[in-house]
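As structure tokens, the structure follows; a few thoughts come after it.
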């Protein structure tokens, strides 16, 4: 029974892809009931947009409270590590994955003709909007998706145009910073901050000397939990203390590009407007 | 081959090189500083971006480079004097590796965050165990083969356990930081690092320098040295504990920087008449010079992530090591 | 004015190397220590130098045991010369000789005491040459210079002439004699019975860790004990009013 259901759904999906949605109503294909997500970001989207009864499995990262605000909720579902066997045992009718999911696993899923939706890392709010739309549709939760998009638009519009008068720089563990074309850069810009490190090469760490020398008025920090490491020790360097106003953004807000990222913009916007640091 | 260099000339030369190295260490960096102006401003108590970069980033890094380099050079010379072997060097015989293991245990368990001195202390403890083990295994008879094998075993064990600790550490960044611990770096160090390491380093230096004439007498063998009034147990203890203190604390704040203790004493030996005692202070100075110049060099190489210091010293030191083995091979069997 | 050892017992593991040995040397005399290989001569010399912790209380200088003396004081009182001294680094002859000043606080090779010691042994010309380039005989003389540089009242030498040619053998023994005449108490381990006869004031014959004979040279050398201990027959000779013996034939054991 399950098998014929699956076949039917695959057929409908395939026909939709052929552009025959006009002839075959895609909505007639029932919403997926066993969705497995292999990636933290797709986990969050799934938890935000899907019903609990639709979720068959989430990645193990979703249980880490340092990475996501949905960790408590994620505990209700089986944790998956990405091994193909594990996934197949859950009998998914839709798999959500990221662009870096193991190619071998992806290939196997495709061979078994299990519907797979791959989402790259969102690099801008418009991409976030696209992904919300895509996932909502795939889950048959179109209404919820539109609601979320409207909320996002509302909150972002409420912030207005910051004006970019306050200079800031982002400093993450290991000196990672926000560069032009990245989501974090857009977050800062929408919050009304002028990102001093925008010109820095992507993925290259920002040296402390350069950071200090550019004299940002606001230092935006983001940790990943309280665990000790040289990477996080760098954020405590004496040269950063005292002179610079700092604000810390919880990692859960922007590890992934979702509706939660708007919270990061709101926090920064608040700090920029008041011109005072928030702890 | 002996080159007769009067002591005053040698120290003047080394001293001048050190001054140049210190200058470069403070002058070279990402932020373009007008050095003299900034120095004046800093002394005058002014507080701007340039003085901040100078006093909180460049100065501690330069000073730490000097301290670490001096410690490594000094301990290399001291260990070679005690073990009668030109290949004895903190990195090769496993002392640095074990120091790194101690430091990693203290750091990633959060002990060092609670008690800052726990970091260098753990490094010292690791180093001490290593030196004592090497001495016990190969000290008296000082067979090169035994010393090197002991080093190989210790390095393998310490390296594996360090990787294990880092793998099990809670932070997701920990595992990649093995590169820092095993290749060493002075980047982004602060006065706090200088502060915790300094007491142990000074203790180590005092212990080792106090027995420099004894090491010279030890050239004649243990029996003759004892008949000349050398207190063998004290000399052994001073060199072992002193090396552990200086190297252990250096590794705890800058990772393993290898080969300094091999290259520097070897190059200086003909200039000090092969006297193991005279070699000590000269090696300390030259070690500081070497590390400082190398640290300037890593800042000049245009890589995205700054090159690790230990990579540079290994690029120089490893071929040198091979060359030494080749030259000494008849004596090593 | 005497270095005295009373009832020396030294064991290596279960084997007794020295048992109940009494020994004494006064300043101004040369005492020869003879005996077969393995008799314990080197061990006795080491004990006299204070190199065996267990016997420190049994050896005394002018009434003070070595135990009560500090290690540097001991070193200034007794100079010790080993049989084969291996120099671990390519030091120059002058540097090796200068190490003899260690008990006094150290000095360079241009120190006048070091230079005078080197002059007495005729190695001053070799001052700047690395030890490894010198012949065995020259190296030995440098080590003797090192021992002389200590300027200690007692000098213990373990087979100093073993590697020397006849000229330098005689020269070395004459040197030791002169040192004794200048007030040093000299103990020298020898295998050469002729040198023993000519240059020593007193002889001690060791066998298997015990004293087999002790006395004036001609007493010990002409006695039966000597031949028994060494397992040889000797012939007695006389020249210039001095008596001496020469090993002639092995005894079949």
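Residue numbering begins at 1 within each chain, and the chains themselves are lettered A, B and C in the order written.
In this section, a contact is a pair of C-beta atoms (placed from the backbone, for glycine too) under 8 Å apart; a residue touches a chain by one contact, two chains touch by 3 or more.
Nothing here was measured: the structure is a model prediction, and the numbers come from that model.
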Contact graph of the chains (line, ring, star, complete, other): line
Chain with minimal offset from the mean of all protein Cα atoms: B
Between subunit C and subunit B, distance of the C-alpha-averaged centres to the nearest whole Å: 44
Approximate Å spacing (C-alpha centroids) for the pair subunit A, subunit C: 87
Per-residue overlap in subunit C, given as positions that touch at least 2 other chains: none
Multi-chain contact sites of subunit B, meaning residues that touch two or more partners: none
Residues on subunit B engaged by subunit C in the complex (per definition of touch): 2, 84, 213, 216-221, 223-224, 226-231, 269, 273-276
In the complex, subunit A residues that touch subunit B: 173-174, 201, 203-205, 207-210, 212-213, 215, 224-225, 227-232, 234, 237-239, 243
Residues on subunit C engaged by subunit B in the complex (per definition of touch): 46, 49-51, 71-72, 74-76, 78-80, 82, 85-92, 95-96, 99-100, 102-103, 106, 130, 146, 150
Residues of subunit B defined as touching subunit A within the complex: 29-32, 47, 49-50, 52-53, 56-57, 107-110, 112-113, 169-174, 177, 180, 187-188, 190-192, 304-306
